[in-house]
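Let me begin by handing over the structure; questions about it come next.
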Amino acid sequence: MKKEARRAAIKAFLAGGALLSTGWLALSKKKPSGDTVKLLSQDGELVEVDREYLKVPTHMHAGLLNKSTTGREAIPGKKFVMVIDLGRCRNALKCVTACQKMHYLPEEKEWVKIKLMKDTEKGAPYWFPKTCFHCDNPPCVKVCPVDATFKREDGLVLIDNQQCIGCKFCMAACPYSTRVFNWEDPKEPQPISEEYSSTETSVPSVHGTVEKCDFCPDMVRQGKLPDCVTACPNGVFYFGDENEDAVTNGDETVRLSQLLKDKAGYRYMEELGTEPRVYYLPASNRMFPVERGFKGMSDEEKQKFEDI
Amino acid sequence: MKPYLLILISFCFFGFNLMAQELETEMELSYSKSSLDSVILSAILLDEDGEKLSGMDVEFFYSKMDSLISLGQITTNQDGEAIISMSYTPVLFSSTDRRVEFKAEFKGNDEYYETEVSLEIQDAILRMTPEIIDSVSTLSFQLTTWDEEGEEIGVEDGEIYIFVPRLFGLLPTGDAWTDEDGQDAVKFPTDIPGGNLGELMIIAKIEDHESFGNLETSQMTSWGVPPSENEGEVRALWSSKPPLWMIVTFVILMSAVWLHYLYILIKLRQINTDGKNEEKLIL
Amino acid sequence: MNFKENINLTLKDLSPVLEHTSKKEKIWMAFLGVIILWGCYALYIQITQGHIVTGMRDNVVWGIFIVNFIFLIGIGYSGSVIAALLYLFKMKWRFPIIRIAMLMTLFATITGPLFILLCIGRLDRLHHLFLYARLQSPITWDVIAVITYLVGSLIFLYVALIRDFAVYGQSKDLKVSDGRKKWYKRLSFGFKNLPSQEKHLKISRDIIAIMIIPIAIMVSSILSWIFGMTLRPGWHSTIFGPYFVLAAIYSGLGVIVILMYILRKIYSLEKYIKKEHFIYMGYGIMIFGAGYGYFTFSEYFTDWYTSKAWEAELIHKLFSWDHYGYWTLFANLGGILLPLLIIGIPKLRTIGSITLVSLIMVVAMWIKRYLIVIPTLENTLIPMQDLREEYVHYSATWVEWVLVAAGFALFGLLFTLAIKFVTIIPVWQTALMNTEEQNKNIEKS
């Protein structure tokens, strides 16, 4: 209990003490109800909605309303990198649902996928969360005929769904099956009109275009971690900046080079030459046995993994 | 008939009592002093199940010579926290040994019981001096407080954690323990990336000290490693702009083909002009 | 007989086709029209409801639309090469084949790219291909290649037709409307057979015939590199460029034989399309079949021998009876061994058998293209572990099949309309050849 108060206090003066001196002062004056947020309705009108009645996370709208960025300009000085600790994943799928909630994706469409992998016949199976690797030598970007998917200087590979013609060459080229396609009009209600979609938020989904995990640059611009990182109950995802050699999983911040050295970080299928920006920490010293991942799964769902 | 009525009435009585009964609450109070000389009191209001209560009014006090002076009333936010901040002033710590008692009080309402919590804090100063001693980057710490006579004395066994701010959080880079004089000096790593000019902020904290609460100090240094030059926009297979050799090859190939097409079209034109004067097809 | 008389004789033989449309032809065109209309309906469904009505999903993103595209473009790319090679080597028996080959080329190159358009998710953004084109993308290369090849083939076809247009425009025997005769005259572009014109024409013919061969090879290779430049097993193979070139010419030869047979039967062209034409085409099929078989064997054998994990999975899928084994067997036996066998044995070498074998071969080649595209896409590196059957295995829906049929119907319709406009057998060249032969015979005797 005391820890909670301490954490809260630390969080409070973390924001206030070293970096932003005035930001947190507003916290103390905030009222929970009567707090309205500006939202863009589907018709492109600006409406005010009480925070209490919002089912959608509000953090993303700041990025949306700021249309000055085309999405192709990098966040200066950064080179984003992710480290996924395979020893901690128990297929909780909280990252998947958090990502889907944030991007208004239907249940079947996953930008983060959790696979059950087994490297070798006698090896042990492990749960393998797979985001887009935002490769430095991206096979998907090479083949796009209309420059709709592009590699930014801050390391991110994004998709401009206003420019995409839906030829799906990038989907055929990606060896990691990371991209998904909008085969029909988006089923989930998309509270943001298409006019205000941004390459950095990747919403709303556009019929006939390709989309994928984008490392949430709109969140990063506000100093927040992507939703998958914060939603994971076991701290599997570490996210950070390669240039400042630090990654964090929401609880602990560590030096990237140290983490990779200590825990023998590697990249998936390095020999493909795509230079992914996501590192994996081997599934040794497991936090949970792999069977934990099957908890609550129907027999039908378990059939997915019968090959493993 | 009468006994039943009695039972019914007593049930109703107890029922109303249950309904009217208020829920227990509890509160936690913490104190933080940041390097910008601001003092923050944070109170978290929880109900008996540990759920955070928002929208409740909490009043903060501090003690001055046996009397409580109100600092202000704050409403708890979504996370159940009421946070009040003020500039650090010696007025708060008026006693000779610089001790003060902070109190947070929740007066209660129809739903919840009142509750209060107090915290005794002694003022202390954490000083950090970055300097280069014998060409080694060193951080020198001094942790002091005041004794009963109002003299500044060093604090032993102060656990200091050292951090560097990164994009999403603080990266721990080391720690320090103060000796009996309240001093310690530790080496600072020289390979931590910093800003464009090598600027690097160093933050030192004491967390949750039983007397001093939370203390923090920070210093801007030039001990960071500046980032390497950015490539800027490149010409590659995966960039928007194609490599130059590709453009050259493309132009050469296209010209080779289409110039031949053009030549044939010219030839056809010649056929046309040649045949203008003839009337009939010569077979 | 002199040249003029030969022209008139030949034209008289062939003109009925140009002059009137028989009942059979009308029924045939109506039949094709119905299929095309059904295709338009399917297209409407696809555009309004989205590609969800097809069988394509996130793993198999390209289905039989792309298979058909490769097939049609393949025969398109080969027609001009066959015609050019026959012309450059001055094969005496080339004339009926050249016209058919060139028409096949033109209409296949027009119908084929329509199937790429069917794969595009946002048809309203097609102009992006030109506005925002990236030179590094194989699709950009393919767009440029198709356009370049189409223009080249048109030029090649026109240069071959120009003298016939002159004949049609001037002939009094040809009983067509005056308006149509005027069009023929216009299309002859003033060709009066003056010596200077003849010279210009010969230079043009030679240049385009020589140019179109490397162009066709380039564009075939570019088509293959859409697959070859990815990291997937079954696609990422250094042999893909030459492989597609050979495959194109091979299937093109087969389609030409089928067309020869049909046209010969329906329009009674026994005088012009003789057994020797079938036999020579048969030889061509044998040679290219052997080459194609050699490439196929090389592909599979190499992939299988080293058993690199991702490749081995694909080979297993292609050759196991649970997956694509039967189709692979048919594609290779029917597509390669059977033609070699039938045409190789002299006793079996008849017009009927050669045509039948070509038909089987063409179907097998279509299936082969299917085996190139879909099994590779189903063979993902990262396990699919997906419960949705339509995401794990591809199966084409009625929309796709109808559109494929409509594409072939369109090809058929365009071809039928074309042979109503120009003769199947080149009049000028045939008459010229006959005149030369007769003069030779006269000289001999």
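Order as written gives the chain letters A, B and C; numbering starts at 1 within each chain.
Keep in mind that, in the parts below, contacts are C-beta pairs under 8 Å (C-beta built on N, C-alpha and C of every residue); 3 or more make two chains touch, one makes a residue touch a chain.
Keep in mind that this is a model prediction, so the values were computed, not measured.
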B-C or A-B, whichever has more C-beta pairs in contact: A-B
Most distant chain from chain A, judged by the mean position of its C-alpha atoms: C
Chain closest to the assembly centre - both centres taken as Cα means: A
Chain A and chain C, separation of their C-alpha mean positions in angstrom: 47
Distance from chain C to chain B - Cα centre to Cα centre, in angstrom: 66
Averaged-CA centre spacing for the pair chain B and chain A, given as whole angstrom: 20
Touching two or more other chains - residues of chain C: 134, 136
Chain A, residues touching no fewer than two other chains: 142, 147
Touching two or more other chains - residues of chain B: 237-238, 240
For the chain A and chain B complex, residues of the former touching the latter: 1-2, 4-6, 8-10, 12-14, 16-19, 21, 24-25, 27-28, 30-33, 77-78, 137-138, 141-142, 147, 150-151, 153, 220, 223-225, 239-241, 243-246, 248, 253-255
Complex contact set, residues of chain C against chain B: 3-4, 7, 134-136, 144, 148, 151-152, 155, 158-159, 162, 166-167, 169-170, 189-194, 196-197, 200-201, 203-204, 207-208, 211, 215, 218
Residue numbers on chain B that touch chain C, as the complex places them: 237-238, 240, 242-243, 246-247, 250, 253-254, 257-258, 260-261, 263-265, 267-268, 270-276, 278-283
Contacting residues of chain A [partner chain C, same complex]: 108, 113, 115-117, 130, 139, 142-148, 163-169, 171-173, 175-177, 179-185, 207-210, 269, 272, 274, 300-301, 303-305, 307-308
Chain C residues touching chain A - in the complex, by the definition given at the top: 49-52, 56-59, 61-62, 119-122, 125-126, 128-129, 131-134, 136-140, 143, 226, 229-232, 377, 380-388
